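By written order: A, B, C and D. Residues from 1 in each chain.
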Amino acid sequence: MQHLVGIVGYRGYSGAELVSILRAHPHVRPVLMEHRADGDGTGDSVIRVGGAKPLHEIPATTEAVRAEKIEIVCLATPAEVSMQLAPQMLGAGARVIDLSGAFRLRSVEEYTRWYREPHTHPELLAEAVYGLPEFCRDRIARARLLANPGCYPTAANLALQPLTEAGIIDRTAGVVCDAKSGVSGAGRKPSLKTSFCEVTENFSTYSFLNHRHVPEVLMVSGLEEAELSFTAQLLPVHRGILETIYFRAAKSTGAKDLLSIYEKRYKGEPFIRIHDAGHAPDLRAVAHTNFCDIGLTFDAGTGRAVVVSAIDNLVKGAAGQAVQNMNLMLGLIEIEGLL
Amino acid sequence: MQHLVGIVGYRGYSGAELVSILRAHPHVRPVLMEHRADGDGTGDSVIRVGGAKPLHEIPATTEAVRAEKIEIVCLATPAEVSMQLAPQMLGAGARVIDLSGAFRLRSVEEYTRWYREPHTHPELLAEAVYGLPEFCRDRIARARLLANPGCYPTAANLALQPLTEAGIIDRTAGVVCDAKSGVSGAGRKPSLKTSFCEVTENFSTYSFLNHRHVPEVLMVSGLEEAELSFTAQLLPVHRGILETIYFRAAKSTGAKDLLSIYEKRYKGEPFIRIHDAGHAPDLRAVAHTNFCDIGLTFDAGTGRAVVVSAIDNLVKGAAGQAVQNMNLMLGLIEIEGLL
Amino acid sequence: MQHLVGIVGYRGYSGAELVSILRAHPHVRPVLMEHRADGDGTGDSVIRVGGAKPLHEIPATTEAVRAEKIEIVCLATPAEVSMQLAPQMLGAGARVIDLSGAFRLRSVEEYTRWYREPHTHPELLAEAVYGLPEFCRDRIARARLLANPGCYPTAANLALQPLTEAGIIDRTAGVVCDAKSGVSGAGRKPSLKTSFCEVTENFSTYSFLNHRHVPEVLMVSGLEEAELSFTAQLLPVHRGILETIYFRAAKSTGAKDLLSIYEKRYKGEPFIRIHDAGHAPDLRAVAHTNFCDIGLTFDAGTGRAVVVSAIDNLVKGAAGQAVQNMNLMLGLIEIEGLL
Amino acid sequence: MQHLVGIVGYRGYSGAELVSILRAHPHVRPVLMEHRADGDGTGDSVIRVGGAKPLHEIPATTEAVRAEKIEIVCLATPAEVSMQLAPQMLGAGARVIDLSGAFRLRSVEEYTRWYREPHTHPELLAEAVYGLPEFCRDRIARARLLANPGCYPTAANLALQPLTEAGIIDRTAGVVCDAKSGVSGAGRKPSLKTSFCEVTENFSTYSFLNHRHVPEVLMVSGLEEAELSFTAQLLPVHRGILETIYFRAAKSTGAKDLLSIYEKRYKGEPFIRIHDAGHAPDLRAVAHTNFCDIGLTFDAGTGRAVVVSAIDNLVKGAAGQAVQNMNLMLGLIEIEGLL
């Protein structure tokens, strides 16, 4: 049996990645959903021989969703578009996976503070399930509206939450998360900041302690705002997020002890890979995969630890995690289409 | 049923790509074959949780091939190593797919001229089948020793052969093939020429009319040596080959006529994509795929044509084409594991 | 004595390069000329300590040019803006160096054909001097309106003109010029085609025989349109143009003979470097310099030759050549500020 | 008058940068000093026309230094070569600027601990002057043996020292220095880790708290080892170092107060640029310059601060700073050849 899954925003980088993963998924038939007549100006040429079959394309309307019996609609759209479309798609009987930040936070106040715009559908914030599968599979499986986690918080929380849960972080000294992202994280809309000539052979800081993903990190990791320093920086690469996390241990410990916290917490997890002590992950190993790689070092003399967490921002940080959540929501095997 | 396929040279770029494709192949179980204790010096760290299962590993010996009942051995090794291993593996009862240039040419003289070293197993040159599936599926299916085509000749011949066959090229004016390749084409062995600081923000010519792939282009395309100018240039990208081919039409024609030569020739081909007239392919669209994309333009006033051909040098130019050949040799569906 | 030289369009890549070169010029004081209040949206932060002194800034008006006694106005602006500003600046008593294509061609018909828009000041086409210093220093020195050559034609003509002059090219076989350019050649205005994620790890053809620089190549090289195949392709680098030029020799010759054509023609030229036979230039060696590097190979058996020409598109292909022309116009030493 | 300055190791990236800066220096004549017959294998082609005049070349021997009256010898060599050559060159009457780590630390014990090899000339450690011009111009001017600072410590200390001096850092919470470097910092010797295909589209951690530059940071900044977490990471760029530094303020302060610490400390410094509050420097702005750009943000609610420091590792982090030191040693204007 083939499940029908619609994708709005399929021309963006996350949306296109989602289409690409779902095309190869054995139990899903992806359907392109056209939201606006927003030509992308690239003048893609027609392919006259060979290549993959074109996908079915419908408008992103309630009528089309009902008529085509779309089970799940994935919104790879900006938050303001998701806020508008999500209630419509739910109203048409579909379940919704939203890849934007529209439904990730718990309160209207928090949303307004960090996204600097009003929330037009606060009634959905309570219902939305935050979909980090490693932490809440049951709720995800039953979700009607799933908020797919942000790319930075995914890498941060998979590294931080086991440590805060184990009480191993000395919170009085604070936690530093120095995050670096590839350019696709900024979306496909042209801008000077993401122009090739501005990015290549460059490295720049674009969010100095005030990134809108900070509240997601706090929400899942359990850290307080005063305990976390988070900066977001732009790497001259297409895809990938690597976060270097610094903290001081709350008690006497060692690299092996820290590793065993992760090993216990993530035993059996298909998409978490833990490196040997002293070895840090890199972007290459996670590119085009749904893995989150974690590595660490610990200096016994000073009690200082460094944890490095790496994901592909378009896969585990967006489209891959959306498919992982979709598999759970549809009762399919969680890794289907992802390994 | 799972076919056992061994890979020698799995640490190189082509070999690693082959392992990666075969891991996901539904009817093949890849086996790593260790040829030398050539540590690659990267100190890969052990992964402690998650990730893919480690593959079975055996020595690249006749005993091991017999004991493990390896059906096909893929040699992703330099030509001199392939010349040594191919007869051994054949002697042990395995069929061989060789990704090097050792068995692609038809005569010892030609080999010696272009590779500048003697050929140690001339008796195998006559038997070896040159494996460009679009041109000779039957012979490939029966091959005991398959010579997988070079990356440059694959892109060149898929574009040129239909044109020479149709007699549309004015050979008196000559054919220019301006070829550009990503750095992985040079292999994984460190050298100053492939160092990051020498390649990034650079573009350089490394073969001026005398590339060892030239005889393969002549052999398949049917052009004479005096008719072809071929240069190989280094692009600051990881993977991909794009060749820009220039010729003058032998008779009155048009872009549509030229396209229809390709459309007729490649009708039903799963891995050839022909663009609309006036649209050229790029590397992005073929990266990580087994496609060869072809596009062209024609200037009626002057009779000049330009054809652009693009492939991923590690996939259609090496490992992907090897798997395509392997599927044919094993009687499997040709696209299995490749789409 | 300091000459006052104004720069309009100083926020673009060529304009900024021009400012940077002129800042270090011992006999020139650059003046920024504001044409439109076109904020570039990057929010450049104020520098509070150290750094270079801010430059004087005036509006790009006839009044300001007269009041400030600007001797030369450099227009690093699009052709339509240059067509509008050039007559104004000339009217205000300044000489003009235009970096756009507005005044490079000889007739309105040619301009309209290749630039696909009408020419609003045809009376200036006759007066404008095409400023390739290696070919016409005297006329440049006296020019009131100087048309700075395009980047592609500079690299092409410096390689081609000595050959056509020497009659060494077999024109019946045609000449191929396969040109590759860095992204800064497309200007600073954001677009999808020049976005980092579209360009990195990619290589694409963007002009298939119909580039607007073609008539400039024909005008200087002396080739006929029917004899030249020219394509323009986009390299994933910031700066640099490399052109690979293919032709067949008209008579019996050799690499040494071809080199000696260049050596005689360019003897004493400060910015032309000729490589030994068989060695091709690359982009690295010309980056951030005003050099044009030329190398070649010749196959005696077939009579085919390949010439490679490399420049920095922002220096010898734009701002550097403009300064070279400016030096000639002001009676300064030609290499001042450029070596 | 022209001072004669020799460069050993001129084929490496720092050495070549030094030659390039000194070629344009108005009061210095650079002399290449050949240490070993270490051909670099690139087969540089002879330039037959144009280009810069070849430099004078002598062997790196005491005889040649005496005969040619070399005033200063710059060693752009590995630490073990510098340890061997420095005493020889001093013995021949030259002053020495060493760009390696051989003479930067204060004791043999420290050297042995961090460089993991014995120091063969401990007697020179006491004499060597650590050459960070912003901190000790007088001693530099008189130095016979100058230890040019490491690239990472230069960026770190220019940002940290004014803060520790002002007592504004809460040392109990520790300081994090997350450092990123371009690939040229690893030198020119080919290795898998600096191969294009391994670096492009990647980002990796290569030193986890144990970088040999750590003691230099401690020595100048005045931090204790237990207070500093330092990691070194590899950026896919040719040149540039950016360090993101995190700390908590020891007392009530604000971004303006922090900025004024830098403004007072660096008033009149030619190579330090301080950005407005909330603006971080990037690599682009310092590439090919001797500037160190510093920017910061401060969160009043939590007392957390982030400082970003950026330099070109080959200029302010190596060759440029060496020339700055050389100018001081020769009694020249400090910025000569550098602006």
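Throughout what follows, a residue touches a chain if its C-beta (ideal position, glycine included) is under 8 Å from a C-beta of that chain, and two chains touch if they have at least 3 such contacts.
Note that the coordinates shown come from a computational prediction; the quantities given were computed from them, not determined experimentally.
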Starting at chain A, fewest touch steps before arriving at chain D: 1
Duplicate of the C-D contact set - from B-C, A-B or A-D, the pair where over half of the pairs recur: A-B
Most widely separated chain from chain D, with each centre as the mean of CA atoms: B
Gap in Å, rounded to a whole number, between the CA centres of chain C and chain B: 39
Cα-centroid distance, chain A relative to chain B, in whole angstrom: 36
Centroid distance [mean C-alpha coordinates] between chain C and chain A, Å: 45
Residues of chain A engaged with two or more neighbouring chains: 198, 200-201, 236-238, 278, 295
Overall pattern in which the protein chains touch one another (line/ring/star/complete/other): complete
Chain A residues touching chain C - in the complex, by the definition given at the top: 13, 40-42, 183-184, 188, 190-201, 236-238
For the chain D and chain A complex, residues of the former touching the latter: 172-174, 176, 178, 180, 198, 200-205, 208-209, 225-226, 229, 231, 233, 235-240, 242, 244, 246, 248, 278, 280, 282-284, 287, 295, 297, 299, 301-304, 306, 308
Contact set on chain A toward chain B in their complex: 43, 45-52, 200-201, 259, 262-263, 266-267, 269-276, 278-279, 288, 291, 295, 339
